[in-house]
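To start, I am sharing the structure in question, which I have written as structure tokens.
Naming follows writing order (A, B, C and D), and every chain is counted from residue 1.
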Amino acid sequence: MRPPLAHRLNRLLDPLGRASRAAGWINRGLAVCIVVSSVFAILDTEPAVSQAAPGLFLWVERIFGAIFVVEYAARLIAAGADPRYAGIAGRLRYAVTPMALVDLVAILPLLLGELVGNTQLVRLLRLFRLLRFSRLGAFSRAATILLMTLRARLPELLLSLLVAFVVLIFSATLMFLIESEAQPVAFGSIPRAMWWSIATLTTVGYGDVYPVTALGRVLAGVTALAAIGLIAAPTGILATAFAEALRRYHEERTATLDEPEARS
Amino acid sequence: MRPPLAHRLNRLLDPLGRASRAAGWINRGLAVCIVVSSVFAILDTEPAVSQAAPGLFLWVERIFGAIFVVEYAARLIAAGADPRYAGIAGRLRYAVTPMALVDLVAILPLLLGELVGNTQLVRLLRLFRLLRFSRLGAFSRAATILLMTLRARLPELLLSLLVAFVVLIFSATLMFLIESEAQPVAFGSIPRAMWWSIATLTTVGYGDVYPVTALGRVLAGVTALAAIGLIAAPTGILATAFAEALRRYHEERTATLDEPEARS
Amino acid sequence: MRPPLAHRLNRLLDPLGRASRAAGWINRGLAVCIVVSSVFAILDTEPAVSQAAPGLFLWVERIFGAIFVVEYAARLIAAGADPRYAGIAGRLRYAVTPMALVDLVAILPLLLGELVGNTQLVRLLRLFRLLRFSRLGAFSRAATILLMTLRARLPELLLSLLVAFVVLIFSATLMFLIESEAQPVAFGSIPRAMWWSIATLTTVGYGDVYPVTALGRVLAGVTALAAIGLIAAPTGILATAFAEALRRYHEERTATLDEPEARS
Amino acid sequence: MRPPLAHRLNRLLDPLGRASRAAGWINRGLAVCIVVSSVFAILDTEPAVSQAAPGLFLWVERIFGAIFVVEYAARLIAAGADPRYAGIAGRLRYAVTPMALVDLVAILPLLLGELVGNTQLVRLLRLFRLLRFSRLGAFSRAATILLMTLRARLPELLLSLLVAFVVLIFSATLMFLIESEAQPVAFGSIPRAMWWSIATLTTVGYGDVYPVTALGRVLAGVTALAAIGLIAAPTGILATAFAEALRRYHEERTATLDEPEARS
């Protein structure tokens, strides 16, 4: 007896691509489709490229649109294999999960056709599908560990961010007080000085604005030194947290392997 | 029997916001007040914004000023719940603690009214209240660990800073010797060359000054490579210190939980 | 009885330079030749230098070319000492190994003489020989550990790169939407905005393009803050992985020393 | 019986400043002298400052010169307390130690008077005395640990530097091939392209030169991403090495305290 369609589709669309050999190929094929359609959506915004071959972009758009419509329908059917999403009501519950909404958004411009104006902009929504990569088989273990890392030390990371914000505001305020007379356009208010401050504290240093007074330059030097501390803190926190998450991940896996009956 | 006013206020103004449900809400409400009043104080310096709605800024200023005056008075009364700050003399001792001074500074412009000139500048002192966030409940554990981190490895961090200063002075001196003839304005003295040096050693790189001679560019390359070492050292030190502080924090907490009688 | 030529040459050309005192000197001599010939190949591209002494560059080129031809022939003979590369067929198998091809490419311009046009360009292929340094005796242990480090945490590093790419595309897309009207040349398409985005996310910050609108500057600030996270993540991963690789390297060496019979 | 002069001076000039209370004060006083005289030597190069008070700079110079001459003579005498440097011959051996040469260089301009031309330049040699701070009591433990850190992982750090050099040369070579036609001044030779390459690989990004072709910008993006790896590697290595050096330092100190007889 063949399993129902929902189960067969579910096996083929398994996000880890491990259910079967065909699932692996479909998984890889869809990944390629997402990347290629994203590249085209990006290049389409560049007139020098898109006007060179307007027909190509139109047809590429239609073909990938069709693929994604078919994929969306298949995922909607496959969702029924999960007891939570069985039946019509279940499918609707599935359709409002974040991943399903991302998938829906990607095919909206094609479905709505000429109803939606500025289709180029709408087509860019397709880039959200790149988020799907975090669930790819190749990265699923690494993504779990990285998420464990971030979650474990979230308060310390947020505190680093808070300290960075306070330093940002104080350095911008001081620079506004020191430099606003000499350069009223660049440092004439605290919000304006914050543009310099954020470029300095992240060591980006665009160089469009910088202090010209001696005192302002001393403050810029102190701010730039503080930047190193503000960058070093989250790096140190992440290094520690990553080592910890990695150890815990292996311990949990070992514990699971030792007591297989605990999983049933 | 109701507890005295000082004790009831103290429970409501508990900085960790854990004493009661009301304390949590007051804590959050004051945090929002500090953030919003800071945002207004910052935006007030930008003429394009403040002149669009001068009345709004005046009223926002008065409302937050009133809230902070009430809060200051309440904290002064609540301080009496602590035996160290009981009585009038105790309240005065409390009033000169750093946190109480920060709170006082924040309401000065309102209290002194027209006596203080340049009120915009004085109002910026309110930004110091942002320092209070370090004692918020959500961050108190993270702040303890980060402070332990900094304190444990302070000599090494200071030595890194000293080495950075020496490298700064030497690279500025060498660049002054190499480049002062070619660019007398930018590199005509060591203090001037230090402006280039600090921008390079922190990898900010504004790009307003840079060497143009071949030898100067080689020195800039070496300086930029040294910059990576100067950034890597404190990062490595902080990573190690953070792992250590985290371990010690958990050990101390475990030790305290194991021997609860040791706390009494 | 003297060992055959292949074995004697093999001992002299040992990449670790530990087979004998002569091998150490030959090893060092060849390293110097590679460095010096690379420096000359680099300087040769600068007209101000190469036209000052055209004869010098020609003769240096010929001398190093001759040395490398002799070395290549010697390595081809020496390869026979390894049973895998014995005989004529074995030598051909050796000649298509990556390292042998790099060595061959380095002597091509000399062997082909006037047949190959644009010899300066071809001579730059010699720079590939710098890759040989990774097998130098001084670095062989460090290179093993660094490779173990990279291999052990490759999925996490690749995931960091993927996240960086997604952040790159999203920040470029948002900046294109925000800033394309104000600056059509710099932000008129997503590929153009990506140039700004990559300079910001890596904190290079050339400063040739930067947002001018208020919203664009807020996005630039958020992007620059994200940059710190994107830099901190691989640093933390590498720190952990390096500690792990170092520990494992020492464990393996200890295990090997404890059971020497296991090596035979 | 009073100890001989050499021993008494040696106790007073103890670099850690722990021999006696007076030694601590002399140590601190000399540190202040070095810092202040360095600040004056630096400011002296800025005409706007030195011409405002030429007499001040002359007298400051003479006073510190006299202090350093006295200190140098005292250290020469004190050196005799160490059996290695006893007697006239021993003092001469001391005089050629690196630290004694640094001290001598600092007083040369004063001793030689008008014999040495360009005294401002010679006076800058005094900045070398800043190196003495690494032996200050406050930092001696931290300096030991940092030196252990660097020494333990020197091969890996040097290999990182080598990899960085190879990446530098390859990115400069590729950018020269791609961009030299479009921008012959900035990218017309590999040495010129290396100026861009070093600014990008260290994420300094002055922004004086940057690629303008599409292919050049792609290469710049890849180079900037490589930069993150080149910065992350030494940071990770230093973090690991620092943790290790710290642990070993504590173990050695514990071992020494456990077996005090081993020190005699």
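Criterion: a contact is a pair of C-beta atoms (placed from the backbone, for glycine too) under 8 Å apart; a residue touches a chain by one contact, two chains touch by 3 or more.
The structure displayed is predicted, hence computed values, not measured ones.
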What rotation angle, rounded to the nearest 5 degrees, superposes the C-alpha atoms of chain A onto those of its identical copy chain B? 90
Farthest chain relative to chain D (centres taken as mean CA coordinates): A
Ranking B-D and B-C by C-beta pairs in contact puts on top B-D
Distance-wise, how many Å sit between the C-alpha centres of chain B and chain D, to the nearest whole number? 31
Averaging only over C-alpha atoms, locate the centres of chain B and chain C and give their separation in whole Å. 43
Multi-chain contacts in chain A: which residues touch at least two other chains? 191, 194, 199, 203-207, 231, 235-237, 239-240, 243
Provide the residue numbers of chain D that touch chain C in the complex, in ascending order. 155-156, 158-160, 162-163, 166, 169-170, 173, 176-177, 188-192, 194, 199-200, 203-207, 210, 214, 217, 220-221, 224-225, 227-229, 231-233, 235-237, 239-240, 243
Interface with chain D, chain C side, in the complex: residues 38, 42-43, 45-47, 49, 121, 124, 127, 130-131, 133-134, 138-139, 141-143, 145-146, 149, 161, 164, 191, 194-195, 198-199, 202-208, 230-231, 234-243, 246
Residue ranges of chain D touching chain A (in the complex, touch as defined): 203-207, 235-236, 239
